[in-house]
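Across the two complexes that follow, subunit A remains constant while its partner is subunit B and subsequently subunit C.
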Partner chain A sequence: MTKYEATIGIEVHVEVKSKSKFFSQAENRYGKSANSSCTVVDLGYPGTLPTVNSEVIQQGIRAAHLLHCSITKKMHFDRKNYFYPDNPKNYQITQNRTPIGTNGYVEIELNSVKKPIYIEEIHLEEDTCKSAHKGRFSLLDFNRAGVPLIEIVSKPCMHTQEEAVLYLEKLRETLFYGDISDCKIEEGSMRCDANVSIAKEGSNHLGTKCEIKNIGSIRNVGIAIQKEIERQTALLEKGETFQEQTRRFDDKLGDTVLMRVKETGNDYRYFPEPDIPFVILTEEQIKKAIETLPMGSDERRKLYLERGIHPKNVEKLLSNRTLSDYLNTYQDSDLDFVIASNLLLGDISSYLNRNFMELNDTKLTKEKFSDLISKISKGELSNQNAKDILEDVLEKELSVDEIMKERNIQNITDSSFVEKLISKVIMENEESVSDYHQGKDRAIKYLMGQVMKEAKGSINPKVANEKLIEMLNRK
Partner chain B sequence: MSKYIDLSILEIHALYKEKKLTPTMLLDEVFERIEKEKDLNCFITICKEEAYSDAKRLEQEEVRGLLWGIPIAIKDNIVTKNIRTTCASKMLEHFLPIYDATVIEKIKKEGLLIVGKMNMDEFAMGSTSETSYFGPPKNPWNLSFITGGSSGGSAACVAARITPLALGSDTGGSIRQPASYTGIVGMKPTYGRVSRYGLIAFASSLDQIGPMTRTVYENALLLNVIAGHDEKDLTSSTEPVEDFTAFIGKDVQHLKIGIPSYLVSDVVSDEVRCVFENVVSLLKENGNTVELVDISYLEQAVSLYQVIAMGEASSNLARFDGIRYGYRTDNANSVDELYEKTRSEGFGEEVKRRIMVGSSLLSSSKAKIYYDKALSIRDDMRSSFLQAFEKYDLLIAPTTTTKAYSLGQGLDDPLKSFMDDVLVIPANMAGLPALNLPAGFHEQLPIGIQIIGAPFKEATMYQLASFLEEKLALDLEGGVHHDEI
Partner chain C sequence: MEKLSVEEVKHIAHLARIAVTEEEIEKYRVSLAKLFEMIDQIHLIEGYNDDMMFSPCEEEAILRKDEIGDMLKEDEVLLNAPHKNGKFIEVPVMLNE
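So, the complex of A and B:
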């Protein structure tokens, strides 16, 4: 049987985070009521002209840097001309000839092997408006018109759906942690189109390309690619040929369906946008854009592993940006990141989820958190105690010490308190004490259990165990 | 009846200050003239109510600058809030803008009174104003002759002394050519001198708004008001705005003046050559050097212009699709049909012709052969001009190849109107300021000459223009018919 190899290229659009839109002063925010965030410029009103939002240029520089692209220092914009109701000017301002970044890559790890996925180019452009169809009518929401986008075009260098999925996940994480975009596929702030072709293994020319448009999740990109590979393979096996086409992924079918067969060469009549002069990026501007980037995902990974966090928890932290950001505020302190991350990912997260809250909504101050973690780490507070007082810590405007006092929780390193407890246990369990002295191993376990029971878990077992042995041997 | 409207702006201003005249009184005269001169067909929209209400408001305040209370006519491709702006097209016949162009904001702030929106070639595409959906404006010097175009309505209005001031726009001579045909002063400023925000774009890299006036001084006054950097227009220049009247009245001697040879070649008719040569002698007699100079690619200027202007226009006019504003066809069953019918029915023949040619010029394989190449030759032409300005203070040339011709004569030949503009197009291609000054007559029709300056040298151009204006001392009131009734 002939073996086939798939070649996959992916185009990703992400909406860029910025205060205002790319070419107008309108606010760039998702979820506002329809047509409440647009100006005459976004409406493509006669006589209006675009201005360039420098924040978007800065984001472009950052994205290019994060994706290891060469940055184009002298660039211009181009008009892509096509008629469509969601395209207010019937041309889109984009970058055709001078994309802001070229020749980049992101690194993925597949079966513990690192592999770069190459990026052809990234360019800046404006989004179209959003259309909805109601019966005979089409409705247009111009809030999205003019929202800045970055389009990232990979080289056709992937061969399996796993690689594609890993590429997209890595891309999303990188742009998300770079504060370039929310990368929320469900809100449309990240959109993926995949190009798939297959050819006989070892053949040096590519097969007929099919494009799968606007797939609703990264997981579905994987499924869509797999289905497409299967579909094309089956056709080739039967000796059939097919035309270049555009397909879409149908969620319910879990398969791709034909949208249209590509007509010969879409002619977008690109030409340099005459309303926007060349944009020249200075070294200073580039430096500033890069310097002000927040800590990236790979850097965070490195930091957390260095501070001893279990790889599983590292990934959990990376999938929760708020917690990761919070933890990072202690980067320069000697806070125990293992304990801190356990608490954040465990009890604190479940508290927040249970109460539909964010960390900011609680009474947890920076001092309180570091006090709490350091008490646990020094053994002054047992895990059980920490669990018990957590709600108070998050809800009350009291210090950890004050809460411990209020809850009558003793300082468990206070040896007189521990001794008192142990004395009591020894007195009440003469039989076990004598068993211990006769060398019965089980006795110590029992006694220890009694100590912990008496202490209601409020003492450090290690400390208590040492003390118990010491006191038993005193007799 | 005393004719205040024919007084100079300085005189009107003095009367305003002495409280002997009010803006309302002046408007009475303007609207009376508009009525009398209906046959000129130079207005598309008359803003009587708005103008009087603005005048009343002005009368509550103190007299301000020299242009306070002065009536002005606006070419109908400059958007005016709540005043219909049609571009002389069926496409925008009922279009009511929701914002003011930057130049409109500026003239309103200065206290000028907008009295109407002026006829023009549809979307400024044409050289005779005959492509207007509202019928052609007529030349006040002879009603069976064209005004020129595309700012023909603005030109006729000022030539007929209906208003002292008008705004036009110039993409390939659209201010200067009609100014020459109607005997008024028309300035196309340096590209970037005046904000284009709110000018309905024809060819973005060439369009420029400019003043059309009775005299050089009044032209400079109006440019003072409309010039300046605008954050809303990235192509507007940050070059400081000087007082453009600064050198007016100063003697002109020892100027080095160049004449681009191609612009006085055999493309120019004898009638025009005669007027132009008279100016050259006058300059020489007064101690200035006048020499021929070669500028590269001038003979290609019209072809280059067509490629760039039509390419850009095809994209700029794409937004008129019947979806958000303007004309929409009644019977469409699909989006494609909506586009096709709306645009077929809404645009006139010349506009459609240019959109089609422009679209074809930009289509994939051709863009590199035509548009890219045109841009690069344009750069070379500009360099050649700049080189000439290292040697010469100013350049002069005829504005038009002939005097105005009769209505209907140019319509059969789409290329004729472009060839008419062969002398004015180079300044647009090079982004240079250029001004038309009335310089003589032939068979009772005015003929103008053109002064071309280095970038941002408008003040020097005005100096030379006012000098010539005084020396030539033409009687330009011949365009005024209103007293003959």
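So, the complex of A and C:
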């Protein structure tokens, strides 16, 4: 049977974080009332002129840097011409000939093998207005018109849906932690189109390309690509040919459906945007953009692994930016990151979720958290006790010491307290003590269980175990 | 000068969303060809380079500070729209998406 190989290229658009839009001073914010965030520039009124937002250029430099692209120092913009109601100027300002970044890559890891996914180019452009279809009409909201976008075009270098999904996840993580974009697919601040073609394995040329547009989640990109590979393979196996076409992913069907067959290539008649002179990037400007990048996802990953956090928890932390940022405020201290991350991801997260709260809404101060972690780390507070007092720590304006006092929690390293407990257990369990002296291993486990039961989990098991053996051997 | 083909004129008319009659097509086959010839002459200018086409002035772009400025009021946005629906501008449904 003939073997086929898929070739996949992906185009991603992300909305860039900035206060104002790319070419006008209208606010760049999602979720505002329709048509409440526009200027005459965004509406494409005749005679209006675009002005370039410096922050968008800086964001472009940052993105190019994070995606390992060469940065184009002399850029201009181009008009991409087309007639469509989502863009009343009849052109979109984009970068056709001088994209801000070229020849980059991101690295993915599949089955423990690292692989670079190459990026052809990234360019800056403006978004169009948002349209919603209602019967025979379309409703237009210009809040999105002129919102800055970065388009990232990969090389056709992926061959499976797993690679495509990992590429998108890595891209999202990188741009999200770089503060370039929110990358929320559900809000449209990250949009993915995939180009898929199938050819006989080892063939020198690519098969007929199908573009799948506007897929609503990274998971669905994987499904859409898989379905498209299956569809095209089935056609080729039947000896059928098909035309280049645009398809879309239907959520409900879980499959791609035909949108249109491309009879001719797009003819956008790009030409240089005459209203914007060249944008020249200085070394100083590039340096400043890169220096102001927050700690990236890879750096965070490295830091957490170095501080001993389990790889699984490292990934959990990275999927929760607030917790990761919080933990990072302690990066210069000797705080035990393992205990801190366990607590943040475990009990603290469930408390916050249960109460629909953010960390900022609690009474947890920096000092208090560090004191709590330090007490657990030194064995002065057992895990059980920490769990018990956590709500008070988060809700009360008291120090950890004050809460422990209030809850009558002993300092568990207080040896006289521990000794008293152990003495009691030894007195009450003569048989097990005698078993221990006769070398029966199970006796120590039983006795230890009794000690912990007596202490109601309020003592450090390690300390107690050592003390128990010491006291048994004294006899 | 070589005339444009009928297909070329039709294609350009389609891109510009202009309906053209058979007579007009014949007219444009000549006049557009003349126009393209004139455009080609630009390349003959002494010292011509691509940068001249990209930007008409030698100055570089002055970048704007990222600040929110005055915006239109919602009713002002809708003022010149032939049709509206609530807060939206309404147009015939767009199929060729």
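What we mean here is this: the second predicted complex is superposed on the first by the 451 of 475 C-alpha atoms of A that agree within 3 Å, B and C clash if a C-alpha of one lies under 4 Å from a C-alpha of the other, contacts with A are read in each partner's own complex, and residues count from 1 in each chain.
Simple rule for what comes next: contacts are C-beta pairs under 8 Å (C-beta built on N, C-alpha and C of every residue); 3 or more make two chains touch, one makes a residue touch a chain.
Just so we're clear, the structure is a prediction, and the values are computed from it rather than from any experiment.
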Report for A:Asp267: first if it touches subunit B alone, second if subunit C alone, otherwise both or neither.
both
One more residue to check, A:Arg79. First (subunit B), second (subunit C), both or neither?
first
Counting only touches as set out at the top, which of subunit B and subunit C does A:Pro277 meet: first, second, both, neither?
both
Quick one: name whichever of subunit B and subunit C touches more residues of subunit A.
C
Touched partner set for A:Lys89, first subunit B, second subunit C, both or neither
first
Touching A:Ser131, do we find subunit B (first), subunit C (second), both, or neither?
second
Contact-wise, after the overlay, does A:Gly239 reach subunit B, subunit C, both or neither (first, second, both, neither)?
neither
On the A-aligned overlay, A:Val40 touches which partner chain: subunit B = first, subunit C = second, or both, or neither?
both
What is the contact status of A:Thr48 with respect to subunit B (first) and subunit C (second): first, second, both, or neither?
first
The intersection of the subunit A residues contacting subunit B with those contacting subunit C is 40, 43, 51-52, 81, 83, 85, 140, 267, 269, 272, 274, 276-277
Taking the touch rule as given, give the residues of subunit A at its contact with subunit B in the complex, in rising order.
40, 43-52, 79, 81, 83, 85, 88-91, 140, 265, 267, 269-272, 274-277
Using the touch rule from the top, collect the residues of subunit B that touch subunit A in their complex.
78-79, 85, 87, 92, 95, 97-99, 101, 196-201, 203-205, 231-235, 311-312, 314-315, 318-321, 323-325, 335, 339, 359, 362-364, 367, 371, 375
Per the contact definition, I'd like the list of subunit C residues that touch subunit A in the complex.
11, 15, 17, 51, 53-57, 59-61, 63-72, 74, 77-78, 83, 85-94, 96-97
Using the touch rule from the top, collect the residues of subunit A that touch subunit C in their complex.
18-20, 24-27, 33-40, 43, 51-57, 76, 81, 83-86, 97, 131-142, 259-260, 267, 269, 272, 274, 276-280
